[in-house]
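In the two assemblies presented below, chain A is common to both, partnered first by chain B and then by chain C.
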Partner chain A sequence: MKEDYIKIILADDDEDDRLFFTDAFDELKINTRVQTFKDGIYLMNYLNEDNVVLPNVLFLDLNMPRKSGLECLKEIKKDPKFIDIAIAIYSTSASEEDIEKTFVMGANIYIKKPSDFKTLKKVLSEVVTINWQYHTNGLNKENFLLRL
Partner chain B sequence: MPARILKKSWFIKSIFFISAFIILVIGGITYRNIEDLNKSSELLTETYELNFKLEQIFSHLKDAETGQLGFIITNDPAFLKPYESGRENINNSFAELKELTKDNSALQDSLKTLNVLIDKRMDSFLKSFRFSSVGNYNDPNFRENFLYGKNLMDTIRSKITAMIDRENQTLNERQQAYESNLKVTPFFLYLVLLVSLLLMFLAYNKIISDLGKLKTYNEQLEIFKESTKQSEVISQHGNWILDIEENTFTFSDNLYRLLGEEPQSFKPTLENFYGYVHPEDLDKLEKEVHKMIKNENLPFIYYRIIQKNGTIKHFKAYAKLHVNDDGKKQLLGITTDITDEIEHYRILEERNQELERNNKELSAFNYVASHDLQEPLRKIQTFLSRLEDKEYDTLSDSGKRYIGRINIASSRMRLLIDDLLQFSRTNKTDKVFKITDINSLLEAAKQDLAELISEDNAVIKADDFPAINVIPFQIQQLFSNLISNSLKYKSQERTPEIHITYTKIKASEDDKLTKPKKAYYHKITFTDNGIGFDNTYAEKIFVLFNRLHNKDEYSGTGIGLSICKKIVENHEGYIMANGQPHIGATFTIYLPA
Partner chain C sequence: MTLHLKFDFNAICKKVLNDKLNEHQIKHKIIGFGEVEILEKLSDEKLKNFSEDLKEYHIDIVENQKSILIQKIKDAIIDMVFNEDTTTNLKASAYLSDKLGHSYGYLSNLFSEVTYTSIENFIILQKIEYTKQLIINENLSLTEIAFKLNYSSVAHLSTQFKNTTGITPSAFQRIITKRRELKQ
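So, the complex of A and B:
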């Protein structure tokens, strides 16, 4: 059975954030399938499974135990089979170093976790509906950090 | 100073040699004069003797003549005696005269003539005798012969007189020459004596004044020695001299003190000194001293010594090989007690480590603030927003009010955390200066605040800026903070207006710059028409967490302007505020040109 949905994965060690994330997609009227992992090891194990359905958008928290978001980003960008996955960095902080580093390593967008549920919904709907082809072509350091 | 003394000794030496030369000359001249005098008196004696002999000859001749006359008259042979002896005497006198005049050919010639004349006279005597022996006095031949004898006698007399006259004349001439010589000589001698006396006086004067100076130098040297001793005590160092060939040491008094001993209390030898050196450092020190002797230019030597009471001291030594004019090799060294320095250094090192720890803690705090503090706060706010969305209707009125208060408090918390983070980021040391178009930075700052600006309908007018060497993101932050500050403290009665001006100024011509470090500055002013402030707070508003207003009236954290000040200071510039209550405020920024 083939459905026209957007597959979304979030890797984040924070339970509350995973809850907000899934809640937000539940409330959004977009046909999505959301899957969450609580650290980088679980995420990479899943992605490397045979016959896995790769996500359209992968949200990566940076600070995770065992394997951090940066390490996951590095592995994913190294492997050509993941080339179509859009990667959104999803972090509490928006420090210059983190933004710079993830941009250079090939992430597609940087999201600072909002502190308001309405904004969160807005951000997430924005991100999943982005025309990635178009966005990636015009990507630069200025528009890498998502501003709403 | 030594060069000057040396020069003077040359002066004195030359005076001595000149004086000695003059005395020699005087001696020579005097000797020659005495010689002349001697010669002149000898000449006189000679002449007198000559004259005397000549007179004698003539007198013998006269005796002979008298005897002849007597014999002729009396015919008594007794009268012939003087004639016979006269002939002998004349010959003797002639021999003596010849001896006397052997250097004088003219006189000898004259003598020969004289001799011939005398011989002729003697012949005439003999002829006369022949006539007289026959008693024929009236014979005309006898008369003629007698007359001839008389004439001969006259010729001899005049000849002798002429000779004597000539001798006297030569004598006179020579004596005159000597006399003129002798007349000039005393004057010359006197003059030379005066000159040498003068020179001696000069030399004496010089020696006396040099001695005086030497005394002064000696006193100065003594003072210098004393002050060196004192400075050795104060700066805790001692000096030493090692005579390499003789292997003898000289220690300054203070070197003994540094070793914890009384000055000159033991024989200064290398071995005795090694006795104090810390056993662990002895090997190293011995090797280095060896190297020094071989004239290797060494850095400082560091080692420890142990005083008799067990105190360990840290020493630093430096030595240089010195070869004097005689080729004598000496090692001149200075040893300093650096125990205090080492102690200070250790304390400094500890402080540095402490500072480093503090810095690490601070950056850890930054991390905590940026991640760990923000995270729970963000969740509180998100849950609050969810609560407001979903459960608002089920809450009682006071519950709703509490939710509102929690919202305000958490917003403020967020503001504080954000500002603090920004402040600590401004602290960062990795500042990269870049020639940047300031206009675009201002544009970006306006973009950051676009929402606020359009909300307030604020008018921002700015001059055209040149490109300036700045830390771009910090200057953008500065502009953004100043604009948002103006908008925050806007007057409710009028539309906010911000005028931004630019001029390049000479530091010396701006009276607000009291101690400028650079000659030229970029001067940027932000003038608004907001509520302004009392100028007594002009300095205070830049202090961290300092607020002029109650936070209920204006939502500030008291960090924004502190960040501005810090940014400007990072650029080695100045920022000043000038306010007029109810009229507006002006912020002036000076950035080094």
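So, the complex of A and C:
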């Protein structure tokens, strides 16, 4: 396998959530590099830098100041250079209708933020493993929909 | 206007390989899915150039024995799931150990060690991916798909789909259809 690690990015304005997130990945067996941003503006600026290594999976919180997760999702889906990034919506809660809307807009994964650390680890591990399967087995990313 | 296309991945890969091998003037015989016999002595230089050239198509030459065996397991599973002629009444474990000449315990441990997933989960994932393709591209009903993929019942397929993806087959179909409408 060419790459020996998986690059993960999270954009979330809640500091505790960012911390839990990085801690969870530290404890997983899978080799990952995790980067976090505190809002959509910081995130999009980073993604649009020259020569940036794009993430394999991008986690987006929906409610962020300055630029929301949905706005980021729209921008990312419009730009062909981001086509290989799997997008995971990472949110406290939403109606069935909202969830389906994010999928239609191009999100691959919808995760309801778990309330305890153990579940968080399990969920994140599942996301990364399934994404890895799509990545290494040349599966059709357009059909990649996952809800946890 | 949007065109919806259907692919035969196996045929595409074979064609690309054949063209590239001819381009590099390598005498060869394509044996099966993901296996080529080289009928001449290949210099390291020539092999390197050939392998570089394949990268453009995201084709990697698998090098070590373990990766080769993993690839063979995957190919056998994909063949089993996607190819109706190979559908057997054997259990997957018996089919794999029979076909690859190793005990299932050995194959299963090796697979989990390297791929972050188990053979069982890989089979389910492939079946669900195939189901998605059939829903979207061939417009088959879930009943027809369950029959085609040897599920004991529609309910079983439907439950496995929901457990694997978190959404129901009909929600999946609705989302993909809406996405396509949005693009037009």
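Just so it is clear, the second predicted complex is superposed on the first by the 126 of 148 C-alpha atoms of A that agree within 3 Å, B and C clash if a C-alpha of one lies under 4 Å from a C-alpha of the other, contacts with A are read in each partner's own complex, and residues count from 1 in each chain.
Keep this in mind: contacts are C-beta pairs under 8 Å (C-beta built on N, C-alpha and C of every residue); 3 or more make two chains touch, one makes a residue touch a chain.
All of these numbers come straight from a predicted model, not from anything done at the bench.
Colleague: Go through the superposed model and pick first if A:Ile130 touches only chain B, second if only chain C, both, or neither.
Modeller: A:Ile130 contacts chain C only, not chain B.
Colleague: Just to be sure I read the superposition right, which of the two partners does A:Pro80 touch: chain B = first, chain C = second, or both, or neither?
Modeller: Touch partners of A:Pro80: none, neither chain B nor chain C.
Colleague: Which partner does A:Leu146 reach: the first (chain B), the second (chain C), both, or neither?
Modeller: Touch status of A:Leu146: second partner only.
Colleague: Check whether chain B or chain C contacts more residues of chain A in the superposed model.
Modeller: C
Colleague: Check whether A:Asp14 is in contact with chain B, with chain C, with both or with neither, and answer first, second, both or neither.
Modeller: So A:Asp14 only meets chain B here.
Colleague: For A:Phe103, decide between first (touching chain B), second (touching chain C), both and neither.
Modeller: So A:Phe103 only meets chain C here.
Colleague: Return first, second, both or neither, reflecting whether A:Asn63 touches chain B, chain C, both chains, or no partner chain.
Modeller: A:Asn63 contacts chain B only, not chain C.
Colleague: Classify the contacts of A:Gly138 with the two partner chains as first (chain B alone), second (chain C alone), both, or neither.
Modeller: In the superposition, A:Gly138 touches chain C alone.
Colleague: Within the complex, which stretch of chain B touches chain A?
Modeller: My answer: residues 370-371, 374-375, 377-379, 381-382, 385-386, 389, 414, 425, 473.
Colleague: In their complex, what parts of chain A are in touch with chain C?
Modeller: Contacts found on chain A: 2, 30, 100, 103-106, 110, 129-130, 132-133, 136-140, 142-143, 145-148.
Colleague: How about chain C: which of its residues touch chain A in the complex?
Modeller: So the residues of chain C touching chain A come out as 9, 58, 60, 74, 115-117, 122, 125, 129, 132-133, 136, 165-167, 171-172, 174-176, 178-179, 182.
Colleague: Note which residues of chain A are touching chain B in the complex, please.
Modeller: Residues in contact with chain B: 14, 16-17, 20, 23, 63, 92-93, 95-96, 113-118, 120.
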